[in-house]
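Following are the structures in question.
Same chain, two partners: subunit A is paired with subunit B first, then with subunit C.
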Partner chain A sequence: MACTAEGVAAALRAAAEVIAEHRTELVDLDRAIGDADHGENLSRGFTAIVSALETAVPETPAGVLKLAATTLISKVGGAAGPLYGTAFLRASAKVGDAAELDVPLLLDALRAALEGVQARGKAVGGDATMVDALIPAVSAAEGTADGTIAEVLTAAADGADRGAESTVDLIPRKGRASYLGERAVGHMDPGARSTALLLRAFAEAAR
Partner chain B sequence: MTVGIVLVSHSAKLAEGLAELAAQMAPDVRIVPAGGLPDGGGIGTDYDEVVAATQRADSGDGVVLLYDLGSAQMTAELAVESLADPSAAVVVDAPLVEGAVAAAVAAQGGANTKAVGEAAASAGVAPDLAAVEPSAAGEEGVVEKEFTLTNDVGLHARPAAVVVRSLAEFEAEVSIRLGEQEADAHSVLALMSLGARQGDRIVVRARGAQASEAVAKVAELVESNFGE
Partner chain C sequence: MKKIINDPAAVVAESLRGLAVAHADLLRVRDDPALVVRADAPVAGKVAVVSGGGSGHEPLHGGFVGPGMLDAAVPGPVFTSPTPDAVQGAIAATTGPAGALLIVKNYTGDVLNFETAAELAAAEDLDVRSVVIDDDVAVKDSTFTAGRRGVGGTVLLEKIAGAAAERGDSLGAVEALARKVIGQVRSIGVALSAPTVPHAGEPSFDLGPDEIEFGIGIHGEPGRERIPAEPADALVGRMVEAVVSDLPFESGDKVLLFTNSMGGTPQLELYLAHGIAERLLAERGILVERRLVGPYITSLEMQGISLTLLKLDDELTQLWDAPVRTPALRWGI
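Showing the complex of A and B:
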């Protein structure tokens, strides 16, 4: 699928389905270390994105990403709203007015999203947050820079899966989970898991 | 024209109550609460509400945003980033209650966003009460005078705020001493922590070009029971 505005919109619709399917799983992960609302909040946010896209699909990929950003910021509470909102907003700003994303633009957008999340949440690798999924995702995507969009996104999703898995053994240093300290070890970070789910949905949509 | 203040809290009640409290000390400052989720939706922070509050708080001189916990900081920062002019507002890491009071008083005194933010941030540090030698009088350029507090609450929040506000217009460093402790008379929190009550004798010391005027102003305030 071409990475036009409609292509990005399709990827977001696919992501909404995946998040809805995994809502309970994300709630359960969050219950172990947080306040058990991550799946609910994210699902509400992506449902709102799908509704907004039914009304009108913006003309450019950047427009669609910005719509996703503002919707997530408004509809998703907790830390996930501003964090995912920032990720989509920075990605949107990076791709500018391009009518279609190519691999270099996609990589720029992924890097901008990671930088945005890190700037907003002040988290680094190893803190047991979504950053632990995003860092290996971006790094794996950069390693396949000569591939297709689908290959790049698949590599990113694979990287994010590994990253999310790595949070199981980490002591959280950010957010509510950090209050639990060592007691949080053994639990996957819900934000890292949802990041992996989103990237996998985007990769599947791009095939 | 003064700097506006936005209080971002997970709780609507907390934000509203604090706005009410801070407004007692800064009648001319726009202090806008932005707490809780929309439509009585409970505990959380609402990005749209924070953006709207920031716009309402801005009378053209800028806005300082304070927050309570966790994602409130991110929401506040994102709201600022999304403003037409992000440099018009600043998010400050400060204890919410003390910071809001200190920021409100600084804004009332005409401070700019930077100074209001610093006043809020420094409210987290224990007030600087210096133990002083009682024999410091007679120093050149220093005006010193003793007063007895006759108002009901002593140097409590509102009178302290009146002192800080009134002294802002003078070119003078002013301190107030109670017994062995001395507080910077430009800091409402420092004055409050002196714990000066009705009947206490305080010593006002001022230094600078308008030292006499500053001490005279304090005299006027004490005599008028701080306008209460």
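Showing the complex of A and C:
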């Protein structure tokens, strides 16, 4: 599928389905180390994005990404709302008024999303957060820069999966999980898992 | 899960509707975004005191809206911070030229969302400042954690900042007082059982029949360590030691002692614990001059208690004693 505004909208609809399917899994991951709301909150946000897209799909990919950002910020709450909202907002700003995303623009958008999340949440790699999924996702995407959009996103999703898996062995240093310290070891970070789920949904939608 | 609810997604909205009809003389509830606002807001010439956070900690925060305490409370979904547009709505409904003080508990989501709201308000030329309370001694405060959580001290902070605003202090003065309170208030909590978040439908953590979670937060997020259940003397002793040694509180200090039920602990046990805490403080020469005992910052039906100590001086005592008229705290009016 071409990465037009409609293509990005389709990817977000696919993401909403995936998040709804995994709502309970994300709640359970969060229950182990936090407060059991991550799946609920993201599901609420993505459902709202789908509703907003039903009213009207913005004209550019950037417009769609910005709509996703503002919806997530105003509907999700918690830490996930501002963090995912910032990721989509920075990605939107990066792609400007392009009518269609190509691979270089997609890579720029992914890098901007990562930088935005790090700036807002002040987390670095190894803190056991969504950043641990985003860093390997971006670097795997950069490694396939000569591929198609679908190949780049698949590589990103693979990288994010590995990154999410790596949080199992980490001592969390940000967010509510940090209060647990060493007792959180053995649990996957829910934000890293949802990042991997979202990138996988985008990759599948791009096929 | 057995709860007196309809749809888990509608719990907060339906509860707020009840709060509104029960206390129509004190507050108004607005929908989408959800806000609890003083009935007479905005109060001309007065600094607005606004707080909020996830629901499920009742009476915090909606129960503290009224003369002498909060101008507005912003309830998020259960255990989830409200969004920036909700906080901004509360600021807009209460804030005039005197400005507003936002009282934020140190949780990543609360800090991020309130920070964003303060930026939005500043863009509209409103004088808005924030203080972040972080009184939980259970959490290691270092650059490698999110820092200490804001817990029981929040109730005392909201009362004192609210009283200062009510007597006409400037925004700078209310903020300075708030920072003073944050500097000298400390808390610790324990859990005997887990809460069940309505949308999750099962307990937030598993605790054996003979286990206590020591250093629990107000969201039922697991605490610092798990210890075997022990008699109240030993448990309260452990809690008093954790709080007193942290600031530290010293012999001759005048304090307010706040013994809080996390929601599921009955008054019988709460007063029992309070009595022990007072005795242990007296043995250390710490003078309990004011008390608050009851469920004021809760974690749904979680069994457990928290102890909060605030070091008092004449001004703080006077502000604590100042009249307050809210659904959950009421004296002097």
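To be clear about the criterion, the second predicted complex is superposed on the first by the 207 of 207 C-alpha atoms of A that agree within 3 Å, B and C clash if a C-alpha of one lies under 4 Å from a C-alpha of the other, contacts with A are read in each partner's own complex, and residues count from 1 in each chain.
In this section, a contact is a pair of C-beta atoms (placed from the backbone, for glycine too) under 8 Å apart; a residue touches a chain by one contact, two chains touch by 3 or more.
None of these values were measured; they are calculated from a predicted model.
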Clash-or-fit label for the pair subunit B, subunit C on subunit A: clash
Partner chain in contact with A:Pro82 - subunit B first, subunit C second, else both or neither: both
First (subunit B), second (subunit C), both or neither touched by A:Gly121: both
Subunit B versus subunit C as contact partner of A:Gly175, first or second or both or neither: both
Partner chain in contact with A:Ile73 - subunit B first, subunit C second, else both or neither: both
Greater subunit A contact set [subunit C / subunit B]: C
First, second, both or neither for A:Pro190, with subunit B first and subunit C second: neither
Which superposed partner A:Gly63 touches (first subunit B, second subunit C, both, neither): neither
Partner chain(s) touched by A:Gly163 [first = subunit B, second = subunit C, both, neither]: neither
Interface residues of subunit A shared between complexes with subunit B and subunit C: 73-74, 77-79, 81-83, 120-121, 175-176
List of subunit B residues in touch with subunit A within their complex: 37, 44-48, 70-71, 74-75, 77-78
Partner subunit A, residues of subunit C touching it in the complex: 54, 76-85, 107-109, 112-113, 116, 138-140, 144-146, 149, 197, 199-200, 202, 204-205, 217, 219-224
Subunit C partner contacts - residues on subunit A that touch it in the complex: 27, 31-37, 40-41, 44, 73-83, 120-121, 173-176, 178-181, 183
Interface residues, subunit A side, partner subunit B - complex: 73-74, 77-79, 81-83, 85-86, 120-121, 175-176
